[in-house]
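The following blocks contain the structures, represented as structure tokens.
Both of the next two complexes hold chain A, though its partner changes from chain B to chain C.
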Partner chain A sequence: MNGYGGSILRVDLNSGTISRQPTPAALARDFVGGRGFGLYFLTREVPVHADPLGSENKLIISSGPLSGMLIPGGGKCDWTTKSPLTGGYADASMGGHFTAEMKYAGVDSIILEGISPKPVYLFIDDRKVELRDATSLWGKGAIDVEVSLKKQYGEEYQIAAIGPGGENQVLYACINHDYGRQAGRGGVGAVMGSKLLKAIVVHGTQSIPVADLDAYRQAGMALYKACKDSDGLKDWTRYGTTIVVSWCDEVGALPTRNFSAGSFEGGKTLYGPVMREQIVVTDKGCFGCPCPCGKYSRMKRYGTQVEGPEYETIGMLGSNLGISDIQDVAQANLLCDDLGIDSISTGGCIAWAIECYEKGLLSKTDVDGLDLRFGNAEAVFAAIKLIATRQGKLGVLLSEGVKRAAQKVGNGSEKFAIQIKGMEQSAYATHNATAMLVSYMTCDVGAHHNRAWAITYDLQVGRDRVAPDKVARVIWLQNFRPMFDVLGACRLQWVELGIDRDLYMPALEAITGIRRSWEDLEKVGERIWNLARLYWQREIEDFGRDWDLPAPRFYEDPPTTGVTAGQITRFEDVQRLLDMYYEQRGWDANGAPTAETLERLNLTVVPN
Partner chain B sequence: MRLYVDQTKCSGCHACQVACSLNLFGVTNPKMSALVIEPRFPAPGVYELKVCTQCGDCAAVCPTEAIKLNERGAYYVDFDECNLCEACVTECSEGVMFVRTELANAAWKCDLCGDCVPVCGTGVLWVAEKEQAPV
Partner chain C sequence: MTATLRLVGPLKEYANGRSELVVPSGLSVRQTLVGLGIPPEVVALVVVNEEQQNKDYILQEQDVVRVLAVIGGG
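Moving on to the complex of A and B:
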């Protein structure tokens, strides 16, 4: 099939049975690829109320039609599963080179089922697919595993691996690839660990068929030209996502000391230019990327190196923990990567624990004797190790995520547990940015930013406005932006370089032979968004409006410092925003898609 | 004319290799390209890049005279005349002569098409008479 690897690879870890089926053309037509494929298989195949860490759950890894092609940033890989962190839909996007290699091995999706009786890794080399013994790799850090498997098989082989965090089923464990790219959110690494699958090795030598070679080459070249002609290319490539640290600090969006403020007095030493000068050694790109945001850094003080830190990690392991030294942040980043836990959730959990400790809600014994205060990097390093290994009282408490931890500790600590649907909020403080707040509230995996990065819109049109256009903007972004995860390409060439999104359509048509428009793809995106909502409803008995509410900090606990001092979005306005959102989505007052909406989207039955 | 590189700018994205495989074989397959990217991670954390210098040593040792000069003054492999003896591979000091019989029935090398240059966003590659910074 033009533009696709051509097969769905199914691996039953219970029995060791491996099978391949051709990728159905109807699946490609209706769900396109990537995140669409993942949600389709999750909905169809994982039984209702399956234990996320049990044998019935599946981990689905998908590429898209733009992955591995002559397309800027065609290196996005989608990981979908039932989340052990939230109990709902988990969908994590990973950069690097894994997704391209899957396609060169002829694979569009890998469906991992069951639980292996012993530690194994999956080895894919074109048509040859085997489960191999991973006893000697079990217990190792994700970076060590990658070094070891690359040494054994060679640089052409791409590796995705879990660290001890995944083995120990920390509920926000991640999957690591290419020494610094992650499928980070929702606990995909815990699911992989629960299956006793330590790593996946993939290598492919096949060419990807296309419908119209000349048109594809022209369209691909036109996309690269647009990127290279962009005024934003130089600065974006120099700083990557760290370009926004200073902006966030200035506008009050930089999470500071557990989101108690949006500006950090120590923020300046975390800004992109400071990091570039002090620690960055190499720009590191994902597959096919002309504007590599990956910054590979060396921390002289620690004698270590890491890919990163990128913006989210600087926010969550830097300012949100009161840490202002970029080498300390980078070292915490390295620990999270190698131990295999999501740096965003980790930062959120530790920040909450520090606040609890400072408020006397956790005792010295509860925090295993650590000097757990904002700004103490050594205590943060120790806490990260405790979490990933699930050791100590603190490690056990935080390894299940901030929502469960706050339920255990109680005493009002739920109010400053910065999460939605059980997922720790990523690094945008939303005290007074209504569109970004709605974006987090309604995100389909929990409090994650990347579906609708609406904060620039807030700043453009008035951050505290509560109006239908804010919600409309969020909905449009939610339908459109995740389509990049469906297509298997990065969105940042469009977001950051500002290239014309219509340039992708001739390329997609030349590759697949099927003419599509963004309007058409946004409809696919809307359908996927609603299907994800149905998944939450299906899995969680009392799922509804309350699950869309933000942490109370954003409506009743205004910052006392920084540019957003004194500012919140009032609770009645939070509710008004939800009303507007549900109405515009065609959902009822409890946030369930109405019968008319399901009819319109052809979702009255589970898609076949 | 030849291809020059500033490997300190390489981010290891492989776009050059995709463009190369499209030129040489009309396929999307970076394993069938004439540039070599060698990542050195986790330490020291750099990419090493190897490209053809058009020195002509491969042509000199080719027993079937399959390696010829094209209109750009670059050596290329006439696929029909290659007998896969690998003499060129052994001779190439840069490691940029390729024989992979599972992928192609002839040796291949850089023919200086230049398609790798416009897809490189970080300005690693340029074509010039002598080594000098690209304009």
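Moving on to the complex of A and C:
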């Protein structure tokens, strides 16, 4: 099949049985790839109410038709599972080079099921697929494992691995790849750890069939030329996502001390140019990318190096923890990567614990004797290690995410547990940015930013406005942006370099032989969005409107400092936003897709 | 007494698709943006003669200024 690796690889870890089936053409037509494939298999194959960390849950890794192709940013793959953190749908996108090798090995999706009787890693080398003993790797950091396996097999072999966080099933454990890229959110690493699967090694040499080679070359070159000609290329290459730090600080969106404010008095030392000057050694790109936004940094004080930190990590492990030294943030980043826990959720959990400690809701004994205060980097490093190893009272408490931790501690701590649907909110303070707030509230995995990054729209049209156009903007972004995760390509080239999105369509047609338009793909995106909603409803008995509410901090607790001092979104406006959103989506007042909506989207039965 | 202002990405929409404008020197970047109808808060990065500056920087003659918005996030 043009544009695809051609097979679905199924690995039963219970029995060690490995099989391949051809990728169904109807699946490619209806769900395209990546996140679409993942949700399709999750919905069809994982039993209702399966234990996320049990044998019935599956971890599905999928590439898309643009993955591994000569398309700017064709290095994305998607990891889908039932989330142990939220109990709902989890989907994490990962850059790097893994997806290209996977596709060159002829694989569109890897479906991992069951639980291995002993630690193993999956070895894929073209048609050769084996489970190999990982006893000697168990307990090692994810970066150490990658170094070790690359040494054994060679640099052309791509590795995805979990660290101790995944082994210990920390509910927001991540999967690490290419030393500093992650499938980060929702606990995909915990699911991999629950299966006793330490790593995946992949290498392939097969060609991907394309429908029209000349047209593919031309369309690919047009995309690369557009990137090269972009005025934004120089700055995005120089600073990557750290461009956002100073801007967020200026507009009051930089999470500060557990989202109690949106501007940080120590923020300037975290800005992109400061980081570039102080710690960045070189730039790093993913497969086929002309805009290497990743940064390798060296922390001289610690004698260490890391890929990063990215904006999200600077926000969540820097300002949100009151830390203003970029070397400290980068060191915390390294610990999270190697230990294999999501830096966003980790920052959210520790910030909440610090606030609890400072308010007297956690005692010195509860925090294992740490001087757990905002700005104390050493205490943060210690807390990260406790979480990843599930040691100490603090490590055990925080390893299950901030929602569960707050339910245990109580005493009002739920109000400043910054999460939605059980997922810790990523690094945008939304006290007064109503489109971004509704984006977080309705995101299909929990409080994550990348589906609909609408905060610029807030600033363009009035940040406190509560109006249908804001909701419409969020819905359009939610339908459209995740399609990059379906196609298997990075969205940065479109969204930040500003290249014309229509340039992708000739490439997609030349590769697959099927003419599609963005309007067509947005319909696929809408269908996927609604199917994810159905998944949440299916798995969680009381799922509904209350699950879409933000942390009370954003409607009850205005910042006292910074440019958003005194500003919140009133609770009645939060509810109005939801009303508008449900109406525009074609959902009922409790957030369930109506029968008419399901019929329009051909979702009245589980897709097959 | 002019400087050159380059608008990157979506900021071009504020200038009818044009990416390069000649603007008076002597004003701050912020004042210049307001004069062009560009909300200063949507601009994430100001680079003057290849050095990052803040929006209160006063434009000098023959400065080449690049302003960049973010629409995708971190």
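Note that in this section the second predicted complex is superposed on the first by the 608 of 608 C-alpha atoms of A that agree within 3 Å, B and C clash if a C-alpha of one lies under 4 Å from a C-alpha of the other, contacts with A are read in each partner's own complex, and residues count from 1 in each chain.
Keep this in mind: contacts are C-beta pairs under 8 Å (C-beta built on N, C-alpha and C of every residue); 3 or more make two chains touch, one makes a residue touch a chain.
Source: prediction; values computed, not measured.
Engineer: Look at A:Tyr239 in the shared chain and tell me whether it touches chain B only, chain C only, both, or neither; answer first, second, both or neither.
Structural biologist: Only chain C is touched by A:Tyr239; chain B is not.
Engineer: Contacts for A:Ile61 in the overlay, against chain B (first) and chain C (second): which applies, first, second, both or neither?
Structural biologist: neither
Engineer: Applying the touch criterion given at the start, work out whether A:Gly315 contacts chain B, chain C, both or neither, answering first, second, both or neither.
Structural biologist: After superposing on A, A:Gly315 lies in contact with chain C but is clear of chain B.
Engineer: Between chain B and chain C, which makes contact with more of the residues in chain A?
Structural biologist: Of chain B and chain C, the partner in contact with more residues of chain A is B.
Engineer: In the overlay, answer first, second, both or neither for which of chain B and chain C A:Val210 touches.
Structural biologist: Once the two structures are laid over each other on A, A:Val210 reaches chain B alone.
Engineer: Mind working out whether A:Ala551 is in touch with chain B, chain C, both or neither, as first, second, both or neither?
Structural biologist: neither
Engineer: Touching A:Ile384, do we find chain B (first), chain C (second), both, or neither?
Structural biologist: neither
Engineer: Mind working out whether A:Tyr224 is in touch with chain B, chain C, both or neither, as first, second, both or neither?
Structural biologist: After superposition on chain A, A:Tyr224 lies in contact with chain B alone.
Engineer: Name the residues of chain A shared by its contacts with chain B and its contacts with chain C.
Structural biologist: Overlap of chain B and chain C footprints on chain A: empty.
Engineer: Using the touch definition from the top, list the residues of chain C that touch chain A in their complex.
Structural biologist: 6-10, 12, 19, 39, 41-45, 47, 52, 66, 68-74
Engineer: Where on chain B does chain A make contact in their complex?
Structural biologist: Going through chain B, the ones touching chain A are 9, 11-15, 18-19, 21-22, 25-32, 38-39, 41-47, 100, 102-103, 118-122.
Engineer: Going by the contact rule at the top, pick out the chain A residues touching chain B in the complex.
Structural biologist: Those in contact with chain B are residues 68-70, 72, 75, 97, 100, 104, 143, 147, 155-156, 178-179, 205-208, 210, 213, 217, 220-221, 224-225, 227-228, 233, 237, 281-292, 294, 296, 298, 305.
Engineer: Could you list, by residue number, the parts of chain A that touch chain C in their complex?
Structural biologist: 230-232, 235, 239, 241, 243-244, 246-247, 250-251, 273, 310-312, 315, 427-428, 449-450, 453, 455-456, 459-460, 491-492, 495-498
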